[in-house]
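Note that the chains are named A, B and C in the order they appear, and that numbering of residues resets to 1 at the start of each chain.
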Amino acid sequence: MKGKAHKRGRWLLLPAFAVLVLLVPVQRSIVSDPGYRKEYVNPAVNLGSVREGGTVALMAMLGGFRPLVSNLLWLKVDEFWHRGGSGYWRMVGVLQAICEMDPHFIDAWSTFGWHCAWNIYVDAPVKDRPKWVQTGIEIYQRGIKFNPDRYDLYKDLAWLYHDKLRDYERAIPAWQETLKHPDAPIYVRHMIAHCYENTWQVDKAIATWKECLKEDPTDVVAKAALDWWRQQTADPEKLKAEKLRILVRENGVRRSRQLPMMEEPHSIR
Amino acid sequence: MASVVEMHGLTKVYRSFFGGTGVLALNQLDLEIQEGETFGLVGPNGSGKTTCLKLLLGLLYPTAGEAMLFGRKVWDMRVKALLGYMPETPYFYDHLSGEQLLRYFAQLFGLRGAEQRRRIDELLALVGLSERRHMLLRYYSRGMLQRIGLAQALLNDPALLIVDEVTSGLDPVGAHQIRSLILELKRQGKTILLSSHLLNEVQTLCDRVGVLYRGNLKACGTIDELLPQPSQVVITALGLEAPTVARLEELGAACAAADGMVRVTVAPEQAEQAVAVIQGDGGRLHELTRPRPTLEEVFMDMVREEVE
Amino acid sequence: MRSIITIARNTISEALSRVILQMILVFAIIFLVLGFFFTFMTPGEEDKMLKDLGLTVITGFGLLLAIFMGVSLIQPEMERRTIYALLAKPVRRLEFVLGKYAGTIAVLALSMIVMGVVLVGSLFLKQGVWSPELLIALVGIFFALMIMAALVMMISTFASTLMSVVAGFLFWSIGYAQSYLQQLSEHADNPVSVRVLNTISAVLPNFTYLDLRLAVVDGLSIPAQLLGKMALYGVGYAAVVLAIAAVLFNEREM
């Protein structure tokens, strides 16, 4: 026991407590600052997924080294991919962890959505396949929410509607969203034209090809497409044959994927 | 004369973290040291000497009672500016040289520039380390560390010097040098509080002595007050025959023969007579002394009483 | 003030003379430079990975420095008893704590600058692009390490060196696990639990407020006002911990 001499320093605790209390609004102010990216605050990342990345990843996670962890997990994704089989399924959790940890990692979102909608789709039981495609859509949409200024995920989403689902009604607005970004690739406009072609909206398709040529007079694809359609539209028989060909091709793909069949497309003019 | 050090009822009990009865290291110590005095605090290991010094330096807090230096609380910065402390086994910063250490501490005293340099040079010369000033402290011998320890204690030309086991670990030459320095400081009128378990050293250096044993002050006073006056005269003589010895014993002397000499112990009032007997019978006086009990002997008696 | 500066200077010279700290810094630089000899995946990924790795190395080694310097401030002085001679001088215990801490922070800042320059320089040599914006992430890291050094120092006033090191790493994890705590409080239905969890969350350090690494690597701009708030949090929290350390040290018997 001591007397009272040692207590003379305790006055410091009062201002310390005051500062601690004052730090609460400071903390709130940091979180609400527009420059503070909330997505970087540690979400409840599935530690089981992180464990797939090995002990180092798990320890780094607990130590707050998220950049290191997301990169280690990314390398693990590559390993699982080459392993195949059960590796495909393990990729799902790990990719989810990476996206949650590093929400501006575009490649991760892109890979995640593609993996669910295309790869897992194949391995999954038939009755579950639509669910996995829907998962892919939701992944892209979530990634877009975090990265609205990048064209990549819009493009991926549009391609999913276009190629996987053959849902040109939804694909067209998605392609158009992609086109709003100045660095979007030139072929996006081509894809819009193809969407119109596949839904037998030939007028709109030709108009789109003309826009492509206007944007880039050296666009050989657009030039060739316009030439083609000039020939088709000049001959009613050729037009009819083309329409049938598109219908057969589209419905063939839809049938194999248990997608709704395409109705007789409306006629031109 | 003003009291430089005052301790009133100073008590220290060491308790473990979990409480319990604790160890009484210092019990109700009442002591005052006057200005210009050299005071020795003696006692075996564990008697409370170091505890007492640490309480004065503010390194420990008292359980009860109080200590004052220069009439102020021990943690008062004005007090620290007048204080010099030489620790028992001085450890200093390995990465510094002797000169750098003194400069570091000098800065803490507010010594600057030319005054700082002058003081450091003086002190290094005083303790005989001028040539080793640039040597890193990690390479210093025990004796050199002791000397630099004294030098740093004197940086501020302290009015009160507290020294803990001044010659601990030193060879005879080194110990003699340090003792000479202490005596010089004493001559300069400094107040010195010395803690030591070497009783003969304290007897040589100190004006007053306090004897601590198991936390209690067993005795306190000047050397003269503490040590009884010599009560016997011892005469060593050669060539004494048996009849002479018998006559001496009749006087009340105790005689013991060894190596051809006879040691005659006699009361002071009989000494002259004894000398006359020896010389009258043809004996040769070899030595005549009045041995005083040493502090060590007095201390051992005290401890023995305590144990009994 | 004079005592604080004097003790700080001695702390700096002591830290720079210690081999273990020199080794930590050298290893950090080696790691930073070595990373650039490996080629990862695609060029886009490589850029991200190199920056992530570089900032992670700096954070990791900075953490080691902060912890090992924090534990060597008080405990070794007491063990070696160098503190006896020091406290016999006109130095308040509070000044001792502040001086030691100031010296530590100075060494940490210097180390961060050196490592930051090595990182930016290595990136330039590898990719031919200046990325000085990475240094902004170091500001956040520095404030986190300020808090860490203060925490470890505080613990070392009453605990052994080993315990202080372990506690240091624990606090670092806690500082990053805060968001889990906040998630818990969001899902708690009992208002008392919410209040308790929020209080614990406010009292414990939260390093996620100071972590700009991912944002900087992703090229997001960090407004100056946010940096100011982070500085306020870092300095404020460190001050609170230092005050507690000073009180504990004041009560400590030697």
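The rule is short, and it goes like this: a contact is a pair of C-beta atoms (placed from the backbone, for glycine too) under 8 Å apart; a residue touches a chain by one contact, two chains touch by 3 or more.
This structure is a prediction, so every number in the text was calculated from the model and none was measured.
Enquirer: Give the label of the chain whose average Cα location is farthest from that of chain C.
Expert: Taking each chain's C-alpha mean as its centre, the farthest from chain C is B.
Enquirer: If you average the C-alpha positions per chain, which one ends up nearest the average over all of them?
Expert: Central chain is C.
Enquirer: Roughly how far is chain A from chain C, going centre to centre by Cα mean, in whole Å?
Expert: 37
Enquirer: As a quick test, compute the distance in whole Å between the mean CA positions of chain B and chain C.
Expert: That gives a centre separation of 49 Å.
Enquirer: Calculate how many whole Å lie between the centre of chain A and the centre of chain B, each centre taken as the average of the chain's C-alpha atoms.
Expert: Chain centres of chain A and chain B, defined by C-alpha means, are spaced 85 Å apart.
Enquirer: Where in chain C do residues touch at least two different other chains?
Expert: Correct list: 253.
Enquirer: Spell out, as numbers or ranges, the residues of chain B touching 2 or more other chains.
Expert: Touching at least two other chains: 61.
Enquirer: At least two other chains touched by the same residue of chain A: list those residues.
Expert: 2, 6, 8, in rising order.
Enquirer: Considering the complex alone, what residue numbers of chain B touch chain C?
Expert: Interface residues on the chain B side: 54, 57-61, 77-78, 80-81, 83-85, 87, 89-93, 95-96, 104-105, 107-110, 149, 152-153, 162.
Enquirer: Once bound in the complex, which stretches of chain C touch chain A?
Expert: Going through chain C, the ones touching chain A are 41, 44-45, 48-49, 52-53, 55-56, 59-60, 93-94, 169, 172-173, 175-180, 182-183, 202-203, 206-209, 211, 213-215, 217-218, 220-223, 225-226, 229-230, 232-233, 236-237, 239-240, 243-244, 246-247, 250-251, 253.
Enquirer: Using the touch definition from the top, list the residues of chain A that touch chain C in their complex.
Expert: 2, 6-10, 12-13, 15-17, 19-20, 22-24, 26-27, 29-31, 33-37, 40-44, 62-68, 70-71, 74, 78, 102, 104-105, 107
Enquirer: Report the residues of chain C in contact with chain B in the complex, numbered from low to high.
Expert: 2-3, 6-7, 10, 13-14, 17-18, 80-82, 84-92, 253-254
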